Structures are given as C-alpha cells and as structure tokens.
Amino acid sequence: MISPNPQSESSGHRFQRRGFSFERAIRFFFASNAGLTIFILLLIIVFLLREGLGFFPGYRRELEVYRIAGLEFVDISRKNLTAHEQVTSLLNRAYQAEINGKCLDELLRSQEASALYNTFNDQVGPTRDLILNNPAATTGGDDGMLAVLRANYEAQRAKALTNLPATPHLSEAERQELIDSLRNRPAEATDEPPLVAKLNAAFAAARQSHAEPLQKFRETIDNFETAGMDLGSIVMEMTESVTATKEAIQTADILEKDRKTLLAAAANAKDPIEREKLIADAKAALADKPDVEGPMATLMEKKPDCVKVHEQLATSVGEIFPSLPGSLTQAKASRYLNAAKAAWPVLISDIKATPAKINSWTHTDPVPLSAAFISFLTGKSWVTGGEWQDFYGIIPLAVGSLMIAIVALTIAIPVGIGAAIYVNQFAAPREQALVKPVIEFIQAIPSVVLGFIGIMVFGTILREISTYDSLRWVPGFPIDERLNIFTAGCLLALMSVPTIFSLAEDALNNVPSAYAEASEALGASRLQTAFRVMVPAAFSGILAAVLLGLGRVIGETMVVLLVAGNRIKIPDFSEGIGAFFQPSHTLTGIIAQELGEVPLGSVHYRALFVIGITLFVVVLGINATAHHFLTRTKK
Amino acid sequence: MFNPENLIRKGLPKGYFKDILVRSLLGGITYLMVLIAVLLFGKIIIDGAPAIFTSEFPFVDTEFLTAKNETLHVFDDAKGTRHQLPASKYNEYIEAHAGQQIYNEQTFSYSGGGIAGPIIGTALLTCGSIILALFFGVCAAIYLAEYAKQSPFIHAVRLAILNLAGIPSIVFGLFGFSVFVLAAPVITANPVDRSLLVLPLFIEGWALSFQGWNSSLMAGCATLACMILPVVITASEESLRAVPQGFRDASLAMGGTRWQTIRKCVLPFSLPGILTSSLLAITRVAGETAPIMFTAAVAAKDDFPWEGLANPFDILSSQVQALPYHIYTLAARIPSSEYTQRAQFGSVLVFLILVAMLSFGSMVLRAKMRKKLKW
Amino acid sequence: MKAIHTLIASAALVTMAGAQTLSIKGSDTLGAKLVPQLAEAFKAAGNKGVKFEIAAEGSTTAFPALANGTAQIGMSSRKVKDDERTFCRTKGVYLKEHPICHDMLCVIVNKNSPVSNLTKAQVAKIFTGQIKDWSEIGGAPGAISIYTRNTSSGTYKDWQKLAMGGRDYPSTSLKMAGNEQIAQEVAKNKNGIGYVGLAYSKTPGTKTVTIDGVEPVAANAKKFAYARLCYLYAPEKPTAEAQAFLDFIESPAGQAIVTKVGFIPN
C-alpha cells in the first residue's frame, strides 16, 4: 500500500536534520491537510451534538409543562372523545355509502354531466370574460372590436367542444343534447345547461327516496352523536382553563429568559444610557411565579363530573348498539358498519377504564429525562407549531424512510444486479459500451431533477394508471394522493440502480478469471458458470453493493421532499400492501422542510439536529457493514 | 456399425431454452433501464426545448439564458390577444398603453425572464468549492501517496475519508448551517451576541468573533467543499499512485529532495488525471441541493451577484441563486400550467445539458487518458 | 403627491449611495406574489439602484432575521408575538408594525366537487379530522384530503385559531410549502380541500367555497369569518431604502398593486 521509500525525509543537508527544515515544513503541511479530514469529521460530530443534545432537557421541560398545566389530564378524556368521533364518522360514512350506492347511476350521470360542463367552462372562460367585461360590450360603442371578441369566443368554443371528457354513463343522445345546448348557448348565460340541472335534480330526488327507508338508522346515528355532547362540552371547558395555565407558565419561562438575555445584553452594552434602559427592561420583565396550584385545584374538582360523564357515555353507547341495523346492502356501507361494530366494544371498554385513570392521575409525578428520550424514540406523532402541545416522535418519520427504502430496493436490487450480471457475463463488448455510459449518466442526474420529474410527470401518470378499471384488483388502487411512498420509491430506485450496478459489476470483475475458466473446462454452460460460480464468489461484494445502495436511499433528500407527500403519519397498515400508496414523511425530508423556518435554539430546532444525528449514525452503520463485506472480498 | 455422428446430439442442447430465457430476461432488465433513461431525457427535451431553442439563428433562446428571473404576467388586451410578459416588459407595456384596460390578468412568480441568476450562482458555488476541495484534497493526497507510512494517524485519516464519503448530503447541510453559517470566525468591529467566542485583536476595536458567515456564497462553498473532499482525495491519490515508481527513484537518485521529486517528477504527470477525476466532483457539486438550502441559496434575487457591490469581496458574503435550488422552487412553490412550463422544463433541460456535458466530458477525457498515458 | 415626493427623495438617496440591498424575509402569503411585484413596481418607479432579496419561508422566519440584522423588513401574516418582540429588543431592534393589507383565508375545493357551501362548524370538523368523507356533508363519496401550510407559516396558526377552535390538525393532513402548492394539489385531487389567501383563490381547477353563505370577495371583508390583517415589520429607524419602500406600499400606487394581486387594501 505504501511505496517503499529508498530514502526517508532526512535527505538534504546534514545540518538540517535537527530542528526546522524546509522539507519537514512541507511534510508537515501535507500531513496537516490530510489531518483536515479528521478535523472535519470531528467538527461534524461535535456541532451536531452541540446543537442536538440540548433537545432532551428542553423537551423534558415541555413534557413537564404538559403535565403540570393539566393538558395531560384533559387528553385522557379527549382520547375517548376522539374515538367517539371516529365511530360517528364511520356510521355517517356507512349511511351515506348506503344511499349513494343505491343511486350510483344517478350520481355518476350527474357527475359526468357537470364535469363536461366544467371542462367546457374552463376552456371558454377567459374569452367569455373578455366579452362580458369589455366596455364596448356594455355601452355598445365599438361594434368592430366586439365582433372580433365574439369571433374569438366562437373559435374557442368550437375548439372546446371537440375537447370534452368521456361520459360513459350518459347515452349518446343525452351527450349530444348537452353539447348542443353548450353550442347554442349565448355567451352571457350563467345558469347551468338544462340537462345538468335535470340530472342534479334527479340525483337529489333519488337520494331523498333512498333515505326514507333508512330513517331509523339516521336517528340511531344522531342519538349516538348526541351521547357524546356532554363529554365534548366538559373537554372544551377544561381545555380553556388548562391552555390558560400553560400560557401563564410559558410566559413566565419566556420572561425569565428575556430577563436573562436583557441582563446579558446590558452587561455587553457599551453605551451607558442603553445599558440603563436594558436593565430597566429586565426589571420590568421580572415575572411572578405563575399560579399552577389554583387552576389545578379547580381542575381536580372536575374529576367527579368527568367520571360521571364517562359512566353515562358508557351506558348510552351500550344501549345504542342493539338499534344498529344488522346489515346493509352496499358492500362499502357494510364494511364501514362492520368497522364501527368492531370498534364498539373497544370504545366501551376504553370509556369504562377511563374513570380509574382519571382518579389516579396527579400533576405532581416527576417527569424524568428518560421520559423525553422514550417519548422521542417511541413517539407515534410528530406535531409541531400547534396550539395544544408539541410532540417530537421519530417513529412516523422513520417508518416513512424505511418504507420508501423497501420500495426502492425491491425494484433496484433485481434490476441493478440483473443488469450487472448481464453486462459482465453475457453482453458483447459493444453492448457494454452502450449500457455502461447510459447507467453512468443516470447516476449523474441530480436528485432534484428526479424529484421534479416525479412531481410534474410521474406522480400524475401513476394516478391516471391507478384509475383504470382493469387495475382495480391491485391493493391500494385507485390512489388518493399522486405523491406517495410508491412514487418516491420508484424514483429512488432509479437513483440507486447505478450505485448497485457499478459496485456489483466491480465485484463480479474482481472474481479471479481462473474460476470461470475452471468451470467452463468442466463443461459448465455460461449460465451455470454465471449463477453457480461467479455470483456466489462475488456474493459479499454484491451484498456490499446492496447495502451502499440502501445507505444512499436512506440519506437522499430532495426526491423524498418533493415526492413523498409530506404527511406526518404512520401509514394505515390495515390496508395491507395499499399502505405503500399512502403519502408519508421522512427523516431527511423533515430536516429540509423545517430547518429553514424554525427559530434558532428552540426545542424544535434542536429536535431536527437530533434527527440529523440519528441519520448520521444509521447511515454510517450501514456503510461500515458494507465496507466490512468489501474488505472480506478483497482478502 | 459405429457412426461417429451418433455422438453428436441431435436437436438443441439441453437447457437451451432456459439459457435463452434467462439471458433475455437479464438483457430485458438492462435495456429497460436504458429505455427509462432515454424516455426521461426525451420527455424533458420535448417539453423544455421550446424554452431554449428557437427556429432562427443562433437557434438558442439567448434571452432565457442571459436574462434575470422575474414574475410572469399573463393577460389579454381589449382585442382578446393574449400577452405573456416578464415584469419589466409588462411595466413598459402598461406605460405605453396607458388608458387601455387589460383583462384576465394572472401572475406567475419566478416564471418570467431567464435563468441567468441561477446559472451564475451555480457556477460561482461550483468554482469556489472545487478550488477549495482541490487545494486541500490534492495536498492531503500527496501526503497519503508520497509520505505516509502505516501509522495510527494514517489509519484514522483513511477511516475519516471513508466516513465522510458516506454522510448524507442533508447532514452536510446541518453541519454547514451550524458551523459555517452560525459559528465560523469573522473579523468584525461589533460582534453579535450569539457569537461563540470573541477574541480581541490588537488593532483598536476589532475582534475575531466566531459568529458565522450567515447564509452566503462563502458558507455554501465551504460546505460543498467538505462534502466532495473525500472524492477529490481518493481520485487524486489514485492518479499520484499511477505515476511509475521509477520516476521517483530516478529523481531521488539524482539527489533531488522529496519535495523536488514531487514537484518536478510526480505532480506534472498526475495533474491531468487529478483534473479529469475532479470533473466528476464538479458534476456532483453542481447538482446538490440539500447542502446549500440553508447555507447559500436564495429563491428570488433580482440582481446578478456582482451588481451594486461596494467592495468586490462582498460577493462572498452575499446569498446567491442556484440552479438546483431554483428547480426546487419551480417544482414546489409555483403551480404548473401552460405558462410556467417554459420556465420549469426549460430550467431542468439547461441543468441536465450542463450535467450531461460535464459527465460526458469526464468520460471522454478518462478514455483518452487511459490511451495516452502508458509508461 | 406623497408618492412623487417619496420617489424624488429616494431617487436622490440612491444616486448618492449607489445600489443598496434590501433584504425582506418572512411570510409566504405576502412574499410569494405581492412583495415581489411591489418590489418590481418600486424599481420601475425609478428606484433602479435598490437590490431586493426576498425569502418567503414563513412568518416565523421574519423576526430572527430582523433581530440578527439579516433582513431590513419582515413579512408576517400574523401579529408579532411578545417573546419575538422582546428577542428583537434584546438585539437593539425596536419593531414597528406596518399593516399593509387585509386578507381572507378562503376554503378551496376541486372545481368538480359538488360542495359549494360549508358552515363554520363543518369547516372545523373537516380540518380537525372529525369528518373524513365528503359524503358525510352531502358531497360525492370519497375520502377527504386535507392540504395545510407547514408549521412555521402564520397562516397555519391563524387558521387554527380562526377556524379550528385551537384544536390540532389531524395527522392525515398534508403539509405544503406554500399557498400555490395547496391550490395546485387541490386542483389535481377531486377530493382535496385546503385554505389559501384570497390572492391565490383564483387558481384554475379550484373553486372557493362560501362560508355560511358569505362569499370571500373584497366587499365582504367585514362579514367573512376568516379575515385577517397582514403586516410588514421594520425597525423603528429603518434604512432609507426600507423607508422609501414602505412609503411606496402605503401610497396609492402601491395599494393599487395590492388590489391587483388580490389582497384587500387598507
């Protein structure tokens, strides 16, 4: 590795051996440049830690305020309220799905007619507005200009009429009628074409008639919704008082910090008048200790009320259950109904368990530093900048990053390794000369360009494809959001293929040619040689290629920032594979999105650095494993 | 009777179809990749070409490449003709047609004019970071290739290079932000409060304050330079090692010192190799967005970096637009419509052409080098 | 008259001082469209020498930038908070507030959505995640996709106060970098809903929803449920360029641009 040195650095004049010499200085200069890499690495670690470590004490304080102000207490009841609301929403959806399912034909017909009308309007809108807004049109002054405008409008209208969406549920005659009415419409008309109005009315009537048999179900839903009212109002009431307490505590914290910054500024101020002013400000900022115990005592007095409301809710929810309809006719509606029914016992047992929780809760339990660690590492929500309480949980972001990596590698591993085997083992030299530069070019495409393609082209195409009826069987189709985990994963696969390809090809190249020669001499076919000899021999190199590809995918920022959809939520795994078609947020994306806008030194700012540290550790771990495999191959 | 032809199997060999199948599958995968690359590039060329190519000589829309970035105004005049004008021309139009009303006005940020600002900003960032990285990287490589012996120090350096190469670019963004933007040293008369450390200098009133360079060209260049340092070191070391040992031995045998040997007999021969491989680093620097988001880039700037500076060095401490960040802004911040397509796809096409030229250049040069340099 | 006076004064200043950079940071609502166009008009009105740098990342970014002196003017779609004001004061910057226009937060849906009116209660329920499906409020069936601004935005917090009674956004909401992006996503998703400033409500493919029957147009500024003021913040003693620019915005010429972009002048 190191070239043998026939002479050491001691060449030069004999006197220069001791002490300073020009040669030594140069050597030292080069050595210090090499040392720069160590310095930079240390600097990265030190500064990430410096900004990041303050997060945990800060977050602990936030969690402490969350407890002593009583927000945690309110959240016990609020959890049930939310669960109740979810069930209400499920029942409502079941009800509406039942009705809409029964008048699906009317619904589709009215939607298609409206869509056609809207498309037409969008296209002729600008030219029509010109006629309507033109002073010549209203005052009747310059008829020549008006004629030009009308001609423009007619031309635009003719164009628009040839460019209308398909209407599979309208009969040919109806479509023709609609198009004719649009063709003969005066420019000034603003009302809907008669057919659109007719179909809308038909849909409304159909809904009305189908709603009647479901009257009882409607009443049940309304009863259920009313049952939660008391809980809602008591939570609302408590929310107001605890928010006030929290604000008081935070204001006191801020004032205390202000006082310190003002005093510090005063200590640095050179101008005596300015200094006096700052000190006076600091004195004014001296805060009273916020009153926590008073509001807390009032809050605790509400405990019996809270318990009572929960007990009532448990009984009424239990009573309502039998009056739910046994089954519904529409598949979607019964799915919602069944989901609601399944949630019912859970809801009741949760509500029943709550009074015990309410009674045992105290605000004096200490919040240890480990609580902040645990809450960060296992927290299922990342809520920032909210009115209620900020939570910094890494799980939704990590899950997003992981799922995108899974999609990307599922595509990139077979493609990258397959291409490497083909190019290395089967391709003619001329093919190699074509494929290699192309893949090298893909590697050179900047990630922001791929993100751009994802947001402008690929996402839309993917959603279009997902709406084809013949693809309904694919889980998760049709896709709701065009920006989702799958879209991002596909683009990242494109990014990681070149990495995996070139490293895997290297690994295959590094297998001694004697292996292949021996195998062929024994009569093995090319295929056997490739898959039984070459690939196993290069296996650890290929594994390293995959790991380095994974490192690249996890660390990539711009594609996921633009394309992953930025929804901070753990995907809904109840949809199975469909979870991969939901939007998500990532570790890298959250830093890029939020760092530019958080106040320096805030808990949120520090949380982003902790995410950065996590990324740093994870990616370095992956790379270290990869290099471990690589060195093993070399040996 | 023995017929030797019986020994030759009739028909196709065993496993022939399997062989064909596997081969065509692997080949199909490979060419699918090529096809996807061609499709991607084709889509961008088709949508972006109208922005930068014209049907008249010189066939390139120079305005798009040389004009400043502005808001685009789209409106109809009273005759129903649709106009698309960047803000400066729009104001001229309004002045020239005072008293006439316009209709259906829409405005699109960042979509009018050209992209000269981002192009120049990217050029500045790239040049600055490459100069820094080449200087430090080549020096470090000289030490590694020419001086170093096995030692804990060298081991640590190699480990550091390996680790630096693997750090995600967004972490470099965080690093650049916390070090160069917030904590790098400046010489100033009035240090700000959040300064990490203030060392008084001996000139009256001045002090060395670790308060950072703010978001600036300088901070961006430094961040990018740190990021590509490992690439440059590795490539340079390879080129240095490619110089035959005999060159060194000959020089040393003639009584040259080690530094003379390096300067006269090693560097000149490895320099082409170093420069060629640094083209690859340039490609990477030009394309990065995450590290400059917080350290150098700004979305809208209505002047070129050198305009209106009191002192030419101020260019280092001002923010710049950059092409990748501009593309991010165009993709994320503005709607896509027929009027913004020119700016969006045009910028991406220009960017891709730049990157393709660099990457193609490095490929050709490398191939040339391999042919030419044979000792 | 005042405008001309200002223009002459600023022109004189510019010729003396050469080009000066005016750095403006803060709200996306103001900074994506209105302020760049004001700046362009300001330069067109004879202030060729002023350089503008405009960064629109969210209202929260305005105040640290003002305090550190990296911005001369801060844009904010909400009032400054006490701690932000104190923070600036500790750095020797005394903030002065310049309300420049009114804005209304419009609820937008896809143009093909049959929903055209919502009550305040429905809006609150949709944005807090209690209503999950359009069919629950009489629309065509489909899961509602909520598009919101990101957390540093003043609009994000204003909306929480004005429309959601201080409750949190559901985790299903998608956080977008700017108004334009929200409008674009809603235009592309037939089940989308979002809120944008009035200036962005005319995006093709979307339509605004009336709230309790009140249409979000300039004439209804007093009646509309989600109306708010937008501010520029500058130090008490701004630089000459900053002062000239602020005067220009308050002049009739500036307010005409405010109207043109789609905000409601003072």
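The first chain written gets the first letter, and so on, giving A, B and C; residue counts start at 1 in each chain.
In the analysis below, contacts are C-beta pairs under 8 Å (C-beta built on N, C-alpha and C of every residue); 3 or more make two chains touch, one makes a residue touch a chain.
In this text the structure is predicted, and so the values were computed from the model without any measurement.
Of all chains displayed, A has the C-alpha centre closest to the centre of the whole protein C-alpha set. Between A-B and B-C, more C-beta contact pairs join the chains of A-B. For this pair, subunit A with subunit C, the centres built from the Cα atoms lie 24 Å apart. Averaged C-alpha coordinates put the centre of subunit A at 28 Å from the centre of subunit B. Mean C-alpha position of subunit B lies 34 Å from that of subunit C. Each of residues 193, 332, 336 in subunit B touches at least two other chains. Of all residues in subunit A, those that touch two or more other chains are 261, 264-265, 596, 600. For subunit C, residues touching at least two other chains, in rising order: 90-91, 177, 204. In the complex of the two chains, the subunit B residues touching subunit C come out as 70-71, 87-88, 91, 105-107, 109, 192-193, 214-215, 298-303, 307-310, 318-319, 332-337. Contact residues on subunit C toward subunit B in their complex (touch as defined above): 18-21, 32-33, 36-37, 39-41, 43-44, 49, 51-56, 68-70, 90-91, 177-178, 180-181, 183-184, 187, 202-204, 260-261. Subunit A contributes residues 1-3, 5-7, 9, 11-12, 22-23, 26-27, 29-31, 33-38, 40-41, 43-44, 47-48, 50-51, 126-127, 129-130, 133-136, 145, 148-149, 152, 261, 264-265, 268, 414-415, 418-419, 421-423, 426-427, 434-435, 437-442, 444-449, 451-453, 455-457, 494, 497, 525-527, 551, 554-558, 561-562, 588, 591-592, 595-596, 600, 608-609, 612, 615-616, 619-620, 623, 627 to its touches with subunit B in the complex.
Considering their complex, residues 15, 18-19, 22-23, 25-27, 29-34, 36-38, 40, 43-44, 76, 78-80, 101, 103-104, 136, 139-140, 142-150, 153-154, 156-157, 160-164, 166-175, 177-179, 182-183, 193-194, 226, 229-230, 233, 241, 245, 248-249, 252-253, 257-259, 283, 286-290, 293-294, 324-325, 327-328, 330-332, 336, 344-345, 348, 351-352, 355-356, 358-360, 363 of subunit B touch subunit A. Touching subunit C in their complex are the following residues of subunit A: 85, 88-89, 92-93, 96-97, 100, 107, 111, 114-115, 118, 122, 200, 239, 243, 251, 254, 257-258, 261-262, 264-265, 274, 278, 281, 285, 332, 381, 383-388, 396, 460, 480-482, 565-569, 583, 593-594, 596-600.
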